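Before anything else, here is the set of structures, which you'll find just below.
Look at the two complexes coming up: chain A is in both, with chain B in one and chain C in the other.
For the complex of A and B:
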């Protein structure tokens, strides 16, 4: 341990660097393969296989896929669903966690266990009950159904996590707020939420990306092509016995880019948020 | 789920504000089917999952044009779906008000048969008789269109109409055949001799994929070499008893293992996927690939470096059947339009277009097929179909049987189990299913 931690020890540094490089290569490899195949023509793919280098840039696959599934619309659907879910789920998690973590309601342990169990339920088990509920409520084949479902699913995890975080919330601050005459509502929005902002931002980003990547429930609930999300649209290319490897790669590339872009953009705000919190 | 529901109510309230924006999208999706029966401006909602460039995609796009021309005031709302989406959601969609008027669906007991049993599909018997579809389709093609009250194919009412056919054949690399100095085999002994010649020269003759359907189709072909129609009907339609240790399947399992041992099939193919197999054949690494007509269009457009052709597997029977079906959901709002559309796709003109685009039409005019390779494909199919040689697919008889066969044949390829043990392994799920359906 000590040799690794020693700041000046060259061997330790190099080992860490090498390990990080290997890790980076492993992480980036799939992206490289996808990109390579996305810009290959189908004939090149078939004669050279997935690992060969493309001879030129062939963008027809990407363009054709975009038009075929009306990708702009899918992007907007995905963005709307993921964005709404991320915000709504965090608000809901905060409200729940405030009651459980700070309010210390009776039976909070059991409530948390319940949320944890709900979290581990496979989505396949939820499909039929949700299907009948959505049909009864007239929400089948609407984005609202997916938003409601994922808000609940993500909030279950969020509540679990935030309850633990708020359980450790400094009592002194809360007492000071109470002495200053802040009610529960005011304490929540003026004290607890600003101080936990870094955690909340992380949750928003996670919820957004998780919801963005969801495939199964949107597949079941979004029937019309006009309502579909990006991952469901990618499924159009998977045939009965055939697959179109180059176009699938093209579509996968289109599917990954928004989530990566979102992460890169918000990672900055995230670090800024954390440093601001630290100064306070 | 108690938690889920009560929280859902809370979410509804909490999220109501944020969701105001989505309200617009919601109402937009509802009006497609709502004004269906008002007489003016009707819409035929059509779903299928064939790519736009495939033979079916091209032919059906033309059918849409003809339909709109002959039905003024009717608009066709076509939605391209993914295969998986239709597979996973069909039961739920058809049970709701969002059902389309007409859709493509998988043939077979576990798919169309199941939905027909659940009352989700419209009985098409009257239309089939009235519009002559029953005369256009040969008996072995009709097998997959008709389902009895238990949802088992082969007899009973019409619940689907197949528009194209498919079968398993041998694709071969003419250049490699020439180099090896072998001819296209016409008997099973000649085939074995060809395989042996390649194996002795150090080439693995058959491109194979153990992780997916190709292995079981080759296995089934070997069994069919020892079988007749009665055996196929027993195995597929439960019209008799199938002995898994009888001559047919025993021969298939032993021969398959033997071929692996002799190097006709690569030992490393157990983990290969069908896509890998196809790419290996297209890049000229294997002299033969035993697989279905669904490869045809792709081989035609992507093989540039060598000459290739196809021949029927020596034997009377081969895996094959009608293609997927047109089905009309019971809850469809414009059934009359759906029937008209099916009728257009069965017309000579559309069928010929399907044939000339690399597909296998079921009711084309053979002389109208101009493309040389397509002609070979269709003539072979017609020969097989006319001698009642379409033996369906080995994974059809029981739900989940595909994975059972994949696992069993992987054992044969990597030598993990003896042929007899594999037969025991694949017999059990088959017998269990028989017990389930009460045979």
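For the complex of A and C:
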């Protein structure tokens, strides 16, 4: 309808589109280049350079890198840590938000401020004592320590967000449950949690991806090869002298694939969720 | 069972698990970090109390000041530039491309800008570490250059900043576009009928409508820039020299390589203080604004 005003549109509109498309190409360029060169042989790379099309799919670089770092193991570690953290942090957030949003406990404003501060504190200001305590407790270089720490860090944000959501929870439903004789514990699990499911699933996905993407604490806590996560394994090998051009490219591709896969699988939830955090 | 609820009374128990965990993971470690910052300690043996010694040393340490200057550069690259470009892109996609070429085109472009954001930031570093490698890296090969992007102390910080713009740009675009969907289209239409140019509408209508989103993006991105560690670790390790040193990497260095834990703790404490202050300033500003 709007286009009726200027049939065919002003010539400028194609220029705007072209500029935006060029920018999109620039943004996607590294993804394309990495993929292109991850499936080339080192000989092809040195003769044809990074822009030439591969003459077939050469998987040796990827396979060799995969075996050398035992990448399946890293995937499993990342998956186990992120999955456990996501679920545990949501449970913790729900318990807190139940007390704050629905129970309206005294001093809830200060409790929220506490969680907000806990969430914004840089990990650098916690890391050495955590490292020291973990060593004392025999939990250094164990996934358990990382799981506990990230559960707490993610729950700080989850509590903050979920308290606002549960603060809006319809009172009539709660009163009806109380009339039916449901105690608080039952009300939480039978009524509040099922009704809040959409928000909770957004949180699970976010916690999973955020934990997957973490680098600093896993770098310090998970030093043995058997415990490393995907970003740590790739990060510490970056620039390694043993890696040639195509193998470096293969390693980058192995980091990209799971991240992009999560994005595609959870796209709808994510685009909805990114804005949940922003609008509060 | 169904006692009439004492307001708030019994709900405290639900906070107990968090109370214990937060005490162990956040409160006690943070208190230990602050205490350690007043000592000289190698990580083993007994710390020696030095009072404000580490902080006095900080004030005289050129690397510390340089690391904060680099942090300012990263705030520009991760918060300021993406917000400005993101505003223009979001507005262009939303009420120009979306209307003239359809929402599918707009969504596809938005997804392209957002894609770098889905990567773990360390993996983004791995990607660019490879692209920018001085001998075999794709960038030098394609453009026939011999630039040592990350190894030349004159340009290393600028290179890292460019990588961070690439990484960060999609986030404001997505947030701002969502904000524009919330905004009232009638205002725009009225202004258009009055003959206001696209830029005037952008400045006087679009931006005021999504002010809350702009605040949130600036706050979260500024904090992310203050905390930045992964890309520095992967791309430059703070070097060459200390050309890309940032406070978080500087504290890491003191903790785990120089065994100067007291000094590292002081750096981390200052960083924490700055981040908390910045957060509260932003929130106050936002409150006053609305």
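As a convention for this text, the second predicted complex is superposed on the first by the 199 of 280 C-alpha atoms of A that agree within 3 Å, B and C clash if a C-alpha of one lies under 4 Å from a C-alpha of the other, contacts with A are read in each partner's own complex, and residues count from 1 in each chain.
To be clear about the criterion, a contact is a pair of C-beta atoms (placed from the backbone, for glycine too) under 8 Å apart; a residue touches a chain by one contact, two chains touch by 3 or more.
Predicted, not measured: the structure shown is a model, and the values here were computed from it.
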item: Partner contacting more residues of chain A (chain B vs chain C); value: C
item: First, second, both or neither for A:24, with chain B first and chain C second; value: second
item: Chain B versus chain C as contact partner of A:90, first or second or both or neither; value: neither
item: Contacts of A:245 with chain B and chain C, given as first, second, both or neither; value: both
item: Partner chain in contact with A:62 - chain B first, chain C second, else both or neither; value: neither
item: Chain B versus chain C as contact partner of A:112, first or second or both or neither; value: neither
item: Contacts of A:45 with chain B and chain C, given as first, second, both or neither; value: both
item: Which superposed partner A:162 touches (first chain B, second chain C, both, neither); value: neither
item: Partner chain in contact with A:205 - chain B first, chain C second, else both or neither; value: neither
item: First, second, both or neither for A:152, with chain B first and chain C second; value: both
item: Those residues of chain A which chain B touches in one complex and chain C touches in the other; value: 45, 49, 92, 95, 114, 118, 126, 129, 131, 133, 148-149, 151-152, 155-156, 219-220, 232, 235, 238-239, 244-245
item: For the chain A and chain B complex, residues of the former touching the latter; value: 42-43, 45-49, 68-69, 77, 80, 84, 87-88, 91-92, 95, 114-115, 118, 126, 129, 131, 133, 135, 140-144, 147-149, 151-152, 155-156, 219-220, 223-227, 232, 235-245
item: Complex contact set, residues of chain B against chain A; value: 1, 3-5, 7-8, 10-12, 14-15, 18-19, 21-22, 25-26, 28-29, 32, 49-52, 79-85, 88-89, 92-93, 96-98, 106, 213, 274-275, 278-279, 282-284, 292, 294-295, 298, 301-305, 324
item: Residues of chain A touching chain C in the complex; value: 2-3, 9, 13, 16-17, 20-21, 23-24, 27-28, 30-31, 33-34, 37, 45, 49-51, 92, 95-96, 98-100, 102-106, 111, 114, 116-118, 120-133, 148-149, 151-153, 155-156, 159, 178-179, 181-184, 188, 209, 212-216, 219-220, 230-232, 234-235, 238-239, 244-245, 248-249, 251-252, 255-256, 259-260, 262-263, 271, 274-275, 278-279
item: Touch list for chain C against partner chain A, complex; value: 1-2, 5, 7-8, 10-15, 17-18, 21-22, 24-26, 28-30, 32-33, 36, 43, 89, 92-93, 96-97, 99-101, 105, 108-109, 112-113, 115-116, 118-123, 125-131, 133, 136-138, 141-142, 166, 169-171, 174-175, 178-179, 182, 212-213, 216-217, 223, 226-227, 229-230, 233-235, 247-248, 251-252, 255-256, 261, 264-265, 267-269, 271-272, 275-276, 279
